[in-house]
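Going in written order, the chains are labelled A, B, C, D, E and F, and every chain counts its residues from 1.
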Amino acid sequence: MKVIYPGSFDPITKGHMDIIERISDKFDEVVVAVLVNSEKNNLFTLEERKQLIKQEIKDYGLKNVTIESFDGLLIEFAKKIGSKIIVRGLRAISDYEYELQIAHINSKLYEGLETIFLVSKAEYSYISSSVVKEVASYKGDISTFVSENVAEKIMDKLIGG
Amino acid sequence: MKVIYPGSFDPITKGHMDIIERISDKFDEVVVAVLVNSEKNNLFTLEERKQLIKQEIKDYGLKNVTIESFDGLLIEFAKKIGSKIIVRGLRAISDYEYELQIAHINSKLYEGLETIFLVSKAEYSYISSSVVKEVASYKGDISTFVSENVAEKIMDKLIGG
Amino acid sequence: MKVIYPGSFDPITKGHMDIIERISDKFDEVVVAVLVNSEKNNLFTLEERKQLIKQEIKDYGLKNVTIESFDGLLIEFAKKIGSKIIVRGLRAISDYEYELQIAHINSKLYEGLETIFLVSKAEYSYISSSVVKEVASYKGDISTFVSENVAEKIMDKLIGG
Amino acid sequence: MKVIYPGSFDPITKGHMDIIERISDKFDEVVVAVLVNSEKNNLFTLEERKQLIKQEIKDYGLKNVTIESFDGLLIEFAKKIGSKIIVRGLRAISDYEYELQIAHINSKLYEGLETIFLVSKAEYSYISSSVVKEVASYKGDISTFVSENVAEKIMDKLIGG
Amino acid sequence: MKVIYPGSFDPITKGHMDIIERISDKFDEVVVAVLVNSEKNNLFTLEERKQLIKQEIKDYGLKNVTIESFDGLLIEFAKKIGSKIIVRGLRAISDYEYELQIAHINSKLYEGLETIFLVSKAEYSYISSSVVKEVASYKGDISTFVSENVAEKIMDKLIGG
Amino acid sequence: MKVIYPGSFDPITKGHMDIIERISDKFDEVVVAVLVNSEKNNLFTLEERKQLIKQEIKDYGLKNVTIESFDGLLIEFAKKIGSKIIVRGLRAISDYEYELQIAHINSKLYEGLETIFLVSKAEYSYISSSVVKEVASYKGDISTFVSENVAEKIMDKLIGG
């Protein structure tokens, strides 16, 4: 079975990788779907975000994970690649509210589409890409939130930019 | 008794109409109060939003519902039209938090003002005007969220704009 | 319009009275519906609970409030007395979850039945009959939670029993 | 892939069946695991609960669903039948809190065990076996919550007992 | 400054010890106040619970922590030992609701009493004494939730009983 | 012991002052740390915000409270002034979620840093600086939310601007 793990991944955190590793262990094929999200003020370009994920996938040694990007409705992407399962990690109550709404909407828009939720590991439950970027912007230590490679690239961006 | 149902209604959804129909059945008079909200980036102008509501009210056959607009504090509008009851639909936890705060503030600002809450029907509990607009912007099917007329007008806007 | 305010009222608190006073000001007639609740381990008998409420209603000077008792489904009581509006006070999130479920169930069981929620005043949002009884059982001061009369009756019960 | 859908099912509701039908469509094999739960005061015996589920599975025409019972820790049952995926339906916030805790504990007790959550359909989000039994005990109409067969069996129990 | 850390501690978990260690580092004196709680069906007697805590305190090498027991209202105990600060660990939303209510009540009952909350470490946020006892009763592995000593004592109890 | 009470304080409300007064009574020294927050669209400048707090501190007669400002990571400020205790007031569920995340992050970034939470008094639990500013912008009465001095300064700003 092929499942989709969608997100902005700006950049990918250890929390994301925990979910990817766990679903890669359970499902035949995992498609990490990177939202193009052109309007949002991203730190990394789409290509950079995909490149960072690619490196992580390689470092974790995951064989059944591919990376693609999508624009517009997630359900259209799901139709295109022939998968009816979306995977999302749940961190907290506020997540839950929002995720529930999106899951309901998506199932209305695409009959038979299923969103399945995994619970984030406790130690990653307070991490998000935006928190990582905020801490980094003040030169805080982000090594417990992202991999060494991602940490370096964030620092390059913040100094370079 | 006259009650006020305030909102932005950009545009009116089936969830809003469910609430309006239910309070119209219980109270003598319902005033749908459209927030002018000039700063917010609305899809429809105030006049268009009122026109869309007017059409819905007519299609639902509701006789005791009128439509007005207000700017500034809701309690000032309440004083002006001589009503001390605000009606709000509750969809989810996050709604609840916010609505609770507003209800407390309003009761402090206007002695005797009461905010009463109705629970949204389960099938409408995940709909909001902003979700509808987002789905429509990607050409997703919005027919289960809004009436045929509203769906058409949204499409006109999105293509016209 | 006639509305129903149901509960166990074992015993009635200042929080309950705040809601009763507020709805008595807005609706034509308020029926306080005391749940017989024979299985639950009540401190006061049904008659005592009704008597305590009666005294409060009198002390608050409310003219349009009557007291009745019901057993079984609330919606059957609603049908019997010819009212389709239930009023409930909301104190906190956990309340909200439970109340939402009951409201949905009741509207399924009785077409057109409406449950409307009022937000408890901030100073009463942490009071409940069971907390009052627990504090009293340890001889704590309950005068900010219930009226003088109710406080006396609780003490009589706890010493008498 | 084989997944486990555990519960007390006293009795099975339309909400449960919605989840079973959806996972039966996505996974190779679904094992409905009925908790023996000897201490709890059940309305139906284990055998009756299994029989009711069996009838539902047949009426829904699901081919890849089997029914088993378990006592003790769910993870021991999971080990025994060789599955590492638990499926749970999420209805509300309070569910979520509790389910999260159980999922964390189970993943600590059995390395690699995964709990995946599906969101209950909006119309079933307020149904639970205990609410159904309470409504039935007062002779309320439960036909929108459970199947005709289950409704009959509940009535037999309540009259017979 | 002297602070009170109250609870049932039936038995003490690693989550409790995490809080005790952290407050012992910040405040002059910590009083672990064990609730006598005679009605509740405890696994360990009051003396056993105090003994288990004593051993933990010793193993953690904490010098400024003493253990006492109390019955009745916590605020009376607070008055008796001359402390106006209660410390509580927060694990989850449902905790929060309940803790908030108790904190409000206690501050009403004892002018100037303050309840301060610490957030449980992520890895302990799903542990509770009752979950530990339930897992142990099915012979599940509890070594990540409690100390070796506590685990042994639980097993003695469960086999002995 | 020295504790830090951080915030934007744009402007300081009665809710903030309630927390400051309470911690000033319990701890040796309280440092109100005003976030410089240059990007955010503040109503008052940093100097004005500090001046308003200074006046409040004086009016409340608090002797052990000082005011400082900080930019960047709060933990760096904590290191600089030699305090390892942050104090935050909790108002509602949504607060709690966010505050929990920040507390976890800060404890990861600065070993031994502790965030302690106090529960806002019920009557201040719905007040925030932004609500105060919104109400004031429509000329609503804000005298129950902020002190007379702060109310005046807000009006000066809104008329002057």
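FYI, contacts are C-beta pairs under 8 Å (C-beta built on N, C-alpha and C of every residue); 3 or more make two chains touch, one makes a residue touch a chain.
Keep in mind that this is a model prediction, so the values were computed, not measured.
Engineer: Going by the stated contact rule, which chains contact chain C and chain D alike?
Structural biologist: Output, common partners of chain C and chain D: B, E.
Engineer: Look at both sides of the chain A and chain B contact and report whether the same residue positions are involved, with over half shared, or different ones.
Structural biologist: Since fewer than half of the residue numbers are used by both chains, the interface counts as different.
Engineer: Among B-D, A-E or A-B, whose interface repeats C-D's (more than half the contact pairs identical)?
Structural biologist: Duplicate interface of C-D: A-B.
Engineer: Can you give the rotation angle that fits chain B onto its twin chain E by Cα atoms, in degrees and rounded to the nearest 5?
Structural biologist: Result for this pair is 180 degrees.
Engineer: Between chain C and chain F, what is the separation of their C-alpha centroids in Å?
Structural biologist: About 38 Å separates the centre of chain C from that of chain F.
Engineer: Please report how many Å separate the Cα centroid of chain A from that of chain C, as a whole number.
Structural biologist: Using C-alpha averages as centres, the distance is 48 Å.
Engineer: Any idea how many Å lie between the Cα centroids of chain E and chain F?
Structural biologist: That gives a centre separation of 31 Å.
Engineer: Return the distance between the CA-based centres of chain B and chain F, expressed in whole Å.
Structural biologist: 35
Engineer: Can you list every residue of chain A that touches 2 or more other chains, as numbers and ranges?
Structural biologist: 93-94, 100, 104, 122, 126 - these are the residues of chain A that touch more than one other chain.
Engineer: Going by the touch rule stated at the top, which chains touch which?
Structural biologist: According to the stated criterion, the contacting chain pairs are A-B, A-D, A-E, A-F, B-C, B-D, B-F, C-D, C-E, C-F, D-E, E-F.
Engineer: What residues of chain F sit close enough to touch chain E in their complex?
Structural biologist: Residues in contact with chain E: 1, 22, 25-27, 84-85, 90, 93, 96, 100, 103-104, 112, 114-119, 122.
Engineer: What does chain C use to touch chain D in their complex?
Structural biologist: Those in contact with chain D are residues 72-73, 75-76, 93-94, 97, 100-101, 104-105, 108-109.
Engineer: Spell out the part of chain A that touches chain F in their complex, as residue ranges.
Structural biologist: Result: residues 92-94, 126, 128, 131, 135, 138-141, 144-145 of chain A touch chain F.
Engineer: Looking at the complex, which residues from chain F come into contact with chain C?
Structural biologist: 93, 122-123, 125-126
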